[in-house]
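All remarks here apply to the structure that follows.
Read from first to last, the chains carry the letters A, B, C, D, E and F; within each, the first residue is number 1.
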Amino acid sequence: MTQAPLPPSTPAPADELQAVVEALRNERRRWREAHRRGGDGRELPSRELLAGMVQCLSGALFPMRLGPPTLQPQHEDFYVGHTLGAAMTTLRQQAALELRHDARQRGDDAPSLEAAAELASRFLRTLPQVRVLLDSDVLAAYQGDPAARSVDEVLLCYPGVRALISHRIAHELYKLGLPLISRVIAELAHADTGIDIHPGATIGSGCFIDHGTGVVIGETAILGERVRIYQNVTLGAKSFPTDGDGNLVKGQPRHPIVEDEAVIYAGATVLGRVTIGRGAVIGGNVWLTRSVAPGSLVTQADSLAGTT
Amino acid sequence: MTQAPLPPSTPAPADELQAVVEALRNERRRWREAHRRGGDGRELPSRELLAGMVQCLSGALFPMRLGPPTLQPQHEDFYVGHTLGAAMTTLRQQAALELRHDARQRGDDAPSLEAAAELASRFLRTLPQVRVLLDSDVLAAYQGDPAARSVDEVLLCYPGVRALISHRIAHELYKLGLPLISRVIAELAHADTGIDIHPGATIGSGCFIDHGTGVVIGETAILGERVRIYQNVTLGAKSFPTDGDGNLVKGQPRHPIVEDEAVIYAGATVLGRVTIGRGAVIGGNVWLTRSVAPGSLVTQADSLAGTT
Amino acid sequence: MTQAPLPPSTPAPADELQAVVEALRNERRRWREAHRRGGDGRELPSRELLAGMVQCLSGALFPMRLGPPTLQPQHEDFYVGHTLGAAMTTLRQQAALELRHDARQRGDDAPSLEAAAELASRFLRTLPQVRVLLDSDVLAAYQGDPAARSVDEVLLCYPGVRALISHRIAHELYKLGLPLISRVIAELAHADTGIDIHPGATIGSGCFIDHGTGVVIGETAILGERVRIYQNVTLGAKSFPTDGDGNLVKGQPRHPIVEDEAVIYAGATVLGRVTIGRGAVIGGNVWLTRSVAPGSLVTQADSLAGTT
Amino acid sequence: MTQAPLPPSTPAPADELQAVVEALRNERRRWREAHRRGGDGRELPSRELLAGMVQCLSGALFPMRLGPPTLQPQHEDFYVGHTLGAAMTTLRQQAALELRHDARQRGDDAPSLEAAAELASRFLRTLPQVRVLLDSDVLAAYQGDPAARSVDEVLLCYPGVRALISHRIAHELYKLGLPLISRVIAELAHADTGIDIHPGATIGSGCFIDHGTGVVIGETAILGERVRIYQNVTLGAKSFPTDGDGNLVKGQPRHPIVEDEAVIYAGATVLGRVTIGRGAVIGGNVWLTRSVAPGSLVTQADSLAGTT
Amino acid sequence: MTQAPLPPSTPAPADELQAVVEALRNERRRWREAHRRGGDGRELPSRELLAGMVQCLSGALFPMRLGPPTLQPQHEDFYVGHTLGAAMTTLRQQAALELRHDARQRGDDAPSLEAAAELASRFLRTLPQVRVLLDSDVLAAYQGDPAARSVDEVLLCYPGVRALISHRIAHELYKLGLPLISRVIAELAHADTGIDIHPGATIGSGCFIDHGTGVVIGETAILGERVRIYQNVTLGAKSFPTDGDGNLVKGQPRHPIVEDEAVIYAGATVLGRVTIGRGAVIGGNVWLTRSVAPGSLVTQADSLAGTT
Amino acid sequence: MTQAPLPPSTPAPADELQAVVEALRNERRRWREAHRRGGDGRELPSRELLAGMVQCLSGALFPMRLGPPTLQPQHEDFYVGHTLGAAMTTLRQQAALELRHDARQRGDDAPSLEAAAELASRFLRTLPQVRVLLDSDVLAAYQGDPAARSVDEVLLCYPGVRALISHRIAHELYKLGLPLISRVIAELAHADTGIDIHPGATIGSGCFIDHGTGVVIGETAILGERVRIYQNVTLGAKSFPTDGDGNLVKGQPRHPIVEDEAVIYAGATVLGRVTIGRGAVIGGNVWLTRSVAPGSLVTQADSLAGTT
């Protein structure tokens, strides 16, 4: 990429650059000493390689829709096998990096590579079930949006579906003990869709997230089947318990439970380990920190009227 | 892209992979039978090719700003002609795919290719008017934002302008009968800007969408001239009528009408086929499901005070 | 990228294309005459080249985390020096373009190239301090989010951190007198993360923006140290003063001041030159246009109760 | 790719460019009228797409040597099937272009697409035999060159083997009636290796072409089994018969026959439909236009001594 | 591109690398002092940018054969104008670099940029005549090779034609006083085709170089019209005169003159400022250092019989 | 890359493809059993990665000529260190692959990775001397060719210099015990330049290979200082000794020794372990299988007169 040329300017003297290189080195050293890091190379999974892996998995799950445009139906199985093979090669490498990094953090011995390979194999076997769940999501979007003209349009266009493809992959990896890899995958989907689902969140079949920008679903949230969610909905935590030293206690259940067929409209915020009962409807912009009975309807006026 | 090497692990046995390939094939078959699909190849438009087409059209509309950095003003017309020619070649192919897909869905004969070529030609002829509308949008942003220093900065930086370039292109294609292609273009802009404008929405000249993340504008919304909209504004539907079988009735007018020079501040939600009168101002976070008279001012307090 | 072939269609006749090329030329001419532009080539900075520059600077700031996956710790300094050198070459060119564009807008003589080179050198020398600030942001995210497992995860995954890397770079360039380049960098981060921080905003150390989609922070906002902000928070302007001719007065202080350790929860909107006192907590969805005392807690009910 | 900037120069005026565009158009028109061409679009196969196809076929023939570096042995069959499928898609398109071009040249109706698909299928079925022949060539190189350390080195490094992979593919396509596609493939190999084998040439198993630069083997040449050839050897035509109008008669047998186990050393030139007998040895730089008995040895001195 | 992973090895210590960096710096300094170079940045034309320029020019000369596969005949002129414009932008930059380098070598002031722009304009105006010459070359190849089936095949496949496209471009630039740029273009063609034509060589219309690998045509060679040349032919210099200091005298006529319709068969070597008369035929492998009368036939036996 | 679309054809049925996949699998199995290979993954160095490594090394050796066009002289050392570091990372990996492959061939245990790292370090330390040798080659070309205008032109354009850069790198790797990697590098240069130098060949300083296409220099050849060689020269082996089983004896000295300042003109062939004495001149097309005294001149007539 070039641009219209300008008269040449004097480049920065090498000395000036050298001074900044040294100052940056000092800052790195300071940080590494403070956090007991460094000297041991690139020990973390790679965003770029994981992005490629998710693209492979998406293509393998929906070959004629998300695979290469030239793919012919007669060659689907070859494509699926080849692409899954490539994805597994990446997953084994990346999982080994995460396990090794984990062990180092804990001061343990490096784990065996068989552990990473075994995780990858277990992940592989979940894919048919992942496809079944995603089919239910596509159908839910088609049935839930009057603007949707066909299931094909839904799969090709809807960011909610793209976010769920990534989430259902990331969630399986999270359950297998790969929180970092699964988080990277979740954030790649967040950057693409504006939908931020923590890979720890449990989401039942037939989920429909419409428009989706600004949606946040926390780590310990549990969604039942056929739940419908609109843009800017937050299913978050209310407060963060700390231990005696004032450090956050990590991993506690702290996000809502949303039962089957509940609907949560745009901008609603639900915080804490509360339960939205089966079929309940939470209106737009509602602010909610209490449980809601099955079948009930909560509006913004309710939520401000002291009944929360 | 490579990473620090790890000791080699045992790759997944081919048998294991074969089993997953077969399970995925079964799930595809199940879906295709349920939805009467398959066996007929890649019949849908391509996200990647349409992204390239939109980039070509953006460059042809604003050659010295969105065209290649090396472009010289003396060569503008050659560039514009060449780039439009390439965009038209893509549009004809993609439109033919959409028309063929549509016909199959309805069980009709495949349409003639002349139909796709004719649509593309009609689209081509709308471009000068599209440029006039976009010029008015650029000017509106410059005049409406105290942080804007020049019209050039607006065109180069503002996501609202990028979203409107895509929308004004997509809307013409939508009117010509290409809902799927236009939706793909809209979703590409949504992923880029966080602004989700359905291609069916009608937007008058001089529109300014500031910041824009989380904006949702529905399929049947109608915006007049010089409307101003901030981040997280929703112009949505209130309820979805269903037919006797409980299926959604698709395509009904169900989104707001916003008259000339109305302003809708951040986070406001306007639902249903209501009318925001000329010059009305809707405050931030307002929740609104009723019409508003020209010139009126609605605040969040109003909207919660039972007047909605 | 190819697709399944279709029967060939008749391409658009050259005459038709020629007519559109001419019509577009006329629209460009009209615009350029109206805005006294044109004839002088590509005078603006390039989005693509600045994106590459930010990627180089990110790698130079965090070589083992955001640099190339193959980088070895022993080669860090060479990588940092080489990458900074490349970034400086780009910055000098792009700064010269912005200064020249500015001078033309004002009708001044073109500035000397030494001016651009001098700005680049001054920017270079800020980088060690930028790294120190970013380290404090990483730590704040790790300490503030119960879902964060390690500082590495934070740097690799958190969009708030990515947005702050871009912001802290852009803010230095803004202070050096390059508002257009810094705005392009800010919008690149906005497109990536959904977090829209104007490069003029002043942000103290240890800032944590969680989830982040829909956050808007205006040009004259000032944030103290250890401020925490959640998704969809707006720190905006309340009204835009105009001069006698009805034109906006640009550059006036018009956005909030947020003092140290304040927390602003999701969806809150704070408008105007108000002050959120040290340690104050602003609840979710609060709409606020007044100052708030240090240590106070504002909920949505408060904000609607007429106390604003 | 950019370079150190220079002061801006005045670009060519558009008028000047326009004049050259018109002059070039006139020259194209003159040529097209003279050769009765034009108006009918791009009717020829594509060099780039055929280069990709040959790369796919090479990978499918030798997956663990010429396939992607990440390929695992357990996934070979998926890779081979997927890659062959992609190659067949390209071949069907390109073959259809050649058949259509041919028909136009002859003034015939466009051929059915089934004809192209049938040719591709017939080609596909030759590949196992092509692999057997190539294995024999690899072995011949290993056994014939004292510098060769392993069969792996031969396959990875030897230009003679690369040329034969392309030739054996091209020759099958030539026999199926695709002379243009096969010629393009041959010339791609020629550019890569300096070895120019016309796709019409018939070459038996176990052929070894050492070094290879400057080798030319003509359209109607026939080589037996286990023939050895060194750099700069020409197996060419002696004279070109013309018809009554002085036009060349095309397609006549006019190149040498080389029987089994003959060896032709560097720089030798053999012209015309002569026969080099089984096991004969032709010395370096020999110029030969007569047949040679089996088992004989011809040196440069012989070839100049009036015996030719 | 990744490969099967290996156990990690200890990377080279930074010290070791530092020592080699310093040793290389010393060698560069030594060379630059010896040749009075350095300190002044990249002053030379770029191989990559010139390769792109030649590709643009080839496409502009033969748009439907060497332009992009998607080009439609109706859009040819737009493509040609756009592509020539891009090529001229590159040529102006590169020519300015060469002129500046030249001036530095001579110790002159830097030349005006107008000089480079003027050279580019003069080059541009030669292109229609270059196309006419190339058409004659294509026709000569078609008429001269019994294996050629159509003029399209010749343009698509024949390395001799590719070499002449580059040569006829390079020769115009050489005549305009850009010996370095033209030499780079010649060597790009040499690498692609094995045909090494110095850009200074003068070649008449209707030239046919068959097969071509190993052909060398020297700087001051002059070829008439309709000359035919086969692989491995050298038209070289016999001896290099030196001045009083033993330095080579550069630029003297020292290569052969080949008159119209002469034919030179494979492997022939013609050295010195001799003349091959009109219609003469030089046999394969002939070694010739004397002039040859029009219409004569020279065989290898003649050339060795003392008549040379 | 797309082309003008054609009507869709029926793709090959999956069954047909499956049959060919199986037949190819059988042929692979047959070969692997015959050559005791397989099952153990990709054990060989990668052509693509080694090509990248050579490009890095070329840039590190001549940063302002063969490095990136944007490189500034002030940043040379950072670039050199960074690029050498990347090249060493690749070399360590590739060397480990070659050593492991070797050990498997011999049935030995896999070598330690330290062995590969040690080889890479030893290679690194040879680079300053490699640069000195290459400087002498550049100077020899400049002084030896009347068409050369500057040392810069020589480095930028001359294929003989490009071939020697690769050879001098490959030769160091060959001496360190990496024959396969060095051979791949040699063949990459052969494909680029038409000059085929076996990495085992020993070449003194100040070597000039002019034009170069078709040059072949064998594994055990030894060239003194300031040797000059023209296109199509072969320094080859005369006969290949076999052992008792008829297998070639590998690695024996079998190629010529060329003493200082000898000159060998185009097309000459020198075979066997003969010695070309200091300052001898071998004429064009000479065929030589005997030693030649220092200072002598051999012409083609001599070589055919029985004196060979």
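Convention: a contact is a pair of C-beta atoms (placed from the backbone, for glycine too) under 8 Å apart; a residue touches a chain by one contact, two chains touch by 3 or more.
A quick note: this is a predicted structure, and the numbers were derived from the prediction, not measured.
Visitor: Report back the single chain whose CA centre is most distant from the CA centre of subunit B.
Guide: Relative to subunit B, the chain with the farthest C-alpha centre is F.
Visitor: By CA centroid distance, what chain is farthest from subunit D?
Guide: Relative to subunit D, the chain with the farthest C-alpha centre is C.
Visitor: Of the chain pairs B-D and D-F, which one is connected by the greater count of C-beta contacts?
Guide: Output for the comparison: D-F.
Visitor: If you average the Cα atoms of subunit A and of subunit F to get two centres, how far apart are those centres in Å?
Guide: 49
Visitor: Centroid from C-alpha atoms only, then distance subunit A to subunit C, rounded to Å. What do you get?
Guide: 24
Visitor: Counting only residues that touch at least two other chains, what does the list for subunit A look like?
Guide: Counting only residues that touch two or more other chains, subunit A contributes 1-8, 11-12, 17, 21, 41-42, 46, 48-49, 69-70, 72-75, 77-78, 80-81, 84-85, 89, 93, 194, 213-214, 232, 267, 285, 304.
Visitor: Sort out for me which residues of subunit A touch subunit B in the complex.
Guide: 1-4, 41-43, 46, 48-49, 60-61, 63-65, 69-73, 76-77, 80-81, 84-85, 88-89, 92-93, 96-97, 100, 113-114, 116-117, 120-121, 124-125, 127-128, 131-132, 135, 143-153, 156-159, 192-194, 211, 213-214, 231-232, 266-267, 283-285, 300-301, 304
Visitor: Give every residue of subunit A touching subunit F within the complex, in rising order.
Guide: 11-14, 17, 21, 72-75, 77-78
Visitor: Along subunit D, where are the residues that touch subunit E in the complex?
Guide: 1, 3-4, 6-12, 16-28, 31, 35, 37-42, 44-49, 68-70, 72, 101, 105, 179-180, 183-184, 186-187, 190-191, 194, 196, 198, 200, 213-214, 216, 218-219, 232, 234, 236-237, 240, 247-252, 254, 267, 269, 271, 285, 287, 304, 306
Visitor: Flag every residue of subunit C that touches subunit F in the complex, lowest number first.
Guide: Subunit C residues touching subunit F: 1-9, 70-72, 74-75, 77-86, 89.
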